[in-house]
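Below: a set of structures, written as structure tokens.
The same chain A turns up in both complexes below, where it pairs with chain B and then with chain C.
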Partner chain A sequence: MNNNRNFMCGVSAAMVLALVAVPFAAFGAADDNAKAKSPLMSIKASPYTERPVENAESVAQGKAIYDKACTYCHGLEGKGDGPAAVYLSRDTAPRPRDFTAGIYKFRSTLSGELPMDEDIFHTITKGVVGYMPGFVGMPAEDRWKVTYYLKSMYAEFKGGMPESITVVGGPIPGTAVSVNKGYKVYTKFKCWECHGGGGQGNGSKAADLKDDWGFPLPPRDLTRLNIYKNGSADIDIYRSIMAGLDGGAMPSYADFFAGEEENVWHLVNYIRSLSQ
Partner chain B sequence: MCAFADAEYEQLTKDKNNSLLLGKPMNNYSISYKLTSVLVLNLLTMFALFIALWVVEIKNADAVPAFARKYDVTCNSCHTRQPRLNPYGQKFLENGYQLPGTADGGRKEKHLLGGEINGATLDDLSNLVAFRLRADIQQARFADPAVTESSEDPNIIFPNIVNIFVAGTLMEDLSFFGEIEYATQGGEAPALRFERVFMMFDNLGGPQVASVKIGNFDPSAMYSFPTHRQQLNPIAPEASTDKFPPAINRIPLLPLAFASKMFGMTRGPSYTTASTTSPTGGVNTYEPDNQTDGLSILPFEPMFYNAPAQTGISVHGRPFGNSFLYQVGVVQAETAEDVPKTSFDPYIMLRYDRQSQFTNFQASSFYYIANKAARAALRPPPPTPFAGNELVFAQQATDWTRMGIAARWQSRSWDVYGTYIKDEIDRPMFGNATLDMSKWETSGSGLSIEADYLLTEKWLIGMRYDMMKTGGLSELPPGLQAGDPRINQDASFLGLIGKYYPHPNIGLYVRYHQNLESSVKLPTAGFGGAEHPATNLESMMTVGVDMAF
Partner chain C sequence: MNKDMCVRMTGAVLLLGLCSYANAYKAVEVSNGGVITGTIKFSGTPPANPKLEITKDKDVCGKSLTADYYIVGANGGLQNAVVTIENIDSGKAYDKKEIVALDNNKCMFSPHVTTAVQGQKVGINNLDPVLHNTHLYHGEKLKTMYNLALPLQNKVIKKKMKRAGVVTVKCDAHEWMLGFVYVTSNPYSVVTGADGSFTLKDVPPGSYKVKVWHEKLGEVTQDVTVAAGGSATLNYSFGN
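Then we have the complex of A and B:
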């Protein structure tokens, strides 16, 4: 009995400690979170607009930061071959990005295009759910410098501005009518072949999907909104559909929806409804 | 009954032929491992339980420990496989639970659903608190079960150890860690206690220049072979250290390089012992029932730099870039009784890191000085001048120095690491012509090497070799010996483990340890033919679960 009482006392002590610590932690986090929540597509005064000049010096500074923060997964030369890479995912995708290959999953550009600077910055800031932590705690200036350094690993970045996807319209209320329309789009484009009829990532083709490096890449379980790697906001889902995930199995549907972008927003509503 | 158990010892000390405390001339005999039907039945039971645990589908275990929850990443971002840290996890630890290369102060971008409101949420709370549960079924085999109080029957220990962690960052470069442990293993009454509690002030003087840790911490956390987070978790001893010599029913199974390695050492005259001479040495009346717990230092006890936790201050950093890590510190010494408690043990550790494709190599060395850390003792048998229940302590407490080297090579699915640690003490003098002829080895050393291999995403196998070349009391004085005079006994074990992870934070394992030393018996004349505790444990098999959430 005494032991049980002692145990419960210990649990209580831990809870009290945690409750004391939480306000401190939340206090530090609130301000910066507010700044970093700015959506990618509505850039006003935000870390996206306040960026250092991209030059040899900032690239070199970006490398110094990269060497401290990124090499363990992405490797010294950015090839995704850091010592921790195998442990993240030994037998399946995703592996850490190979920056020398110029293939980026998370973009707001057309499939096959390089990402915009903002896309890379966005991923550094947000991280990748389940795999890469978000570096919002790193000063925005440093994140930009890392962005410049990552670009320096692939010569094509020195070309012109990549072509971005077109965002037509915006999120629409997730009414039953809209969700139903989205369901029809989901069916029409055979999303179920990979993501499954119920969106659980268990479609008939799911087991055969591989990424460009030959690693099995199971499709996302759409019933778990909080594990969408490219983000779970409406605009994030729209972006994934329209831009695709290069290097992975998810193609771009931009051409299919040309002129019918409203259907994408219905599809977004249907996908979100799968998590409810 | 153990060779060192008190009751038997008292009986033995009545024997005129009995020599001294740890006196146990040894006769070798080969290991006779009898695979009885009972053992087969027990092993089958354990195997069945393991399979049952394995096949039970533990799906959607979304809960992951605090740091993984906080950053919304898999456990394997920081662990090779839980609980062992990979190089990124080591760097996260170094940086005071902040992402490497940052001073994020606990800020994160990703919130779970519903967490995007200001103020504290359940998300925030869960980012600070984590639990770890270890439970297992152990079965030991002894060379002579009759001389130990430990049972050979399968022992179900649920829970074995429960840890509650509260850890995180309060603000930029200020972090904290608290661990409460509830342990039931070791044959002692379950106990709840604070294990490690400390604060960290990070990146003082600039990024990676200096981080200061204050409190109760594990000094070797950044060493290439740290005390905590072993794939082969330590299995606690079953022993009583309030006796001298200590009653060892079952030695622990842990990296023997960490052990004290010395036979015949104590933490000094007990508080309750009435000294008949000077408190700095000489004869003290031995009252077994009144001894202070911890009087005897187990030769297998992890100590000093490799203790599970010490109280003090530690400073570490990488001011010269990523290749070199330094650590200096002082910890409050657990000294012999007559030494002021304000004494501190200093230590220094240097580590070199090198990274290449899919590979991390690191090498470390440390040096630790424990001032007046222990006092040698002898327990001479009657007849005169000793009554048989007296301890004779050395005149001076001994300084104890420890140095070690370690290396880790981790490449793709391989993780290989080892350490060699050497201890040195002073030659004790007792102020008695007879006892001063006893032989003491002033150095002991230990080697532990482990290799883990990630077979698949969910299967890990590992093997560890532990060796300890003991020091301390090696031979009794002439005239008090019987048979083989050697007292300290070397130890070596081979440990094997197979681990299955149905989810990154849940490990089901089966492990096996085999004693590689020949079984040795204490002399019939002195100790009734009992087995030496270092060799009495022949093997141990364990099936269990190690989960954190």
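Then we have the complex of A and C:
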């Protein structure tokens, strides 16, 4: 009888433990799912398949690499205030990312969410056209370790990896019909108010736009496909429209295009056509 | 192992669990609740509200707008101050699914100041035939929380308020637009009316720290004691 009672006590304690633990376990599960899910990246998936374990050791190794390769722009403490930062753009945005603020432009996640690990890895790999060099020559393992170190500068990354937004459909051939549909989307959804009627980044709202740090940040001149900071592949443009560029003025259109994602792919074709 | 020990063990595990959900507000039945009521004022002459420079969309926004930072009534009552109980862990129930309305109306946010309980969603709507983007920021230092495009009219976008604290609301497309959502961890929060008055109902008896916040005038915390079924008064004057 006594044994039985002890057993029941164990069960009740375990049940409470289970109740408490479930949300955390769920976080873990979400984590695994996110890893399994393909992020919205245009570069090949192969570098992502193998990655070092994320622990204190790999973070420390990432710091050692960061201290040599990244501090001139991003600063010793990652605040985007390294000695070279000011020379990148003087009085305008963008400045180097402040990793302590937890705001990332280039994400596969919804506005307000942190980026996925793959997003950070992707930016390190490809760089930012016109601003940040790509570190594709650095071993992938080291790029992952730097990714982990950057994450360690902002506590909320410990809450679990955010989920990628869902890509519905895929690129459509850029026929005249599709480009014309995309033009109508561009008009209806008022992209022109910032990016201008001809896509030259000279819309009526363009002049006043600033980033979170108060630096002027004009909208992208869409007629120059090769300098899109978030990449110029179809999926990159889709990502910018749906996720927005947090920290800047470009908002997320995910709520407005939910259920009519095909229109985004037409819009992508129209945007591409502006550079032809 | 006896039964008592078993209960304690289970309790300890339960307590540990609760601790991991810090700041969780617990809804209970408040049968003997009191009321905190009063008026928030501005004494003296309030600063003039600046004229907002309307640089675009004048046909929709109007040719000139005046900021709504200081709205002071004839008796000095200050509108749009937030009054909230700081240290309350349990009390009246509230509707977790209530959508807190936030409209873009003639290139101003309406209401200018509103409150929400942590976990509730704000429902953002665009009543204007122009592009707005509702850009919500954590705190008053402009750190992006959400940046949402609102290209079309009358489609409500719902977003959860995940953290307690002041949320600043702006529109990159119309840089003069400014609003605030004051997010609290409990439902005891209210925005003062046109005469500066407010009422917090169903407050369990006890001693509380009550905070008064205004977007331009800052914040103060006052001690208020509520008796069972009683009515406590909190009056405060900003300014001179």
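Here is the rule we go by: the second predicted complex is superposed on the first by the 231 of 276 C-alpha atoms of A that agree within 3 Å, B and C clash if a C-alpha of one lies under 4 Å from a C-alpha of the other, contacts with A are read in each partner's own complex, and residues count from 1 in each chain.
As a working rule, contacts are C-beta pairs under 8 Å (C-beta built on N, C-alpha and C of every residue); 3 or more make two chains touch, one makes a residue touch a chain.
In this text the structure is predicted, and so the values were computed from the model without any measurement.
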### Message
Tell me the contact category for A:255 with respect to chain B and chain C: first, second, both or neither.
### Response
second
### Message
With both structures fitted on chain A, tell me whether chain B or chain C touches more of chain A's residues.
### Response
B
### Query
Between chain B (first) and chain C (second), which, if any, makes contact with A:134: first, second, both or neither?
first
### Message
One more residue to check, A:83. First (chain B), second (chain C), both or neither?
### Response
first
### Task
Name the contact category of A:177: first (chain B only), second (chain C only), both, or neither.
neither
### Query
Regarding the shared-chain residue A:60, is it in contact with chain B (first), chain C (second), both, or neither?
neither
### Task
Please work out whether A:101 is in contact with chain B alone, chain C alone, both, or neither, and reply first, second, both or neither.
second
### Query
First (chain B), second (chain C), both or neither: which does A:75 touch?
first
### Message
Quick check for you: in the superposed arrangement, does A:194 touch first (chain B), second (chain C), both or neither?
### Response
second
### Query
In the superposed arrangement, does A:161 touch chain B (first), chain C (second), both or neither?
neither
### Query
Of all the chain A residues, which ones make contact with chain B and with chain C?
6, 9, 13, 17, 19
### Query
Which residues of chain C touch chain A in their complex?
1, 3, 5-6, 9-10, 13-14, 16-17, 20, 55-57, 130-131, 133-137, 142-152, 155, 157, 159, 172-175
### Query
Which of the residues in chain B end up touching chain A in this complex?
71-74, 76-77, 79-81, 86-89, 91, 98-113, 116, 118-121, 124-125, 127-129, 162, 164-166, 168-172, 176, 178, 180, 182, 189-192, 207-208, 322, 355-360, 410-413, 454, 456-457
### Query
In the complex formed with chain C, which residues of chain A make contact?
2, 5-6, 8-9, 12-13, 16-17, 19-20, 101-103, 111-112, 188-190, 193-194, 204-205, 208-210, 212, 214, 244, 246-247, 249-253, 255-256
### Summary
Touching chain B in the complex, chain A uses residues 3, 6-7, 9-11, 13-15, 17-19, 21-30, 32-33, 36-37, 65, 67-73, 75-76, 79, 81-92, 125-127, 129-138, 225-226, 232
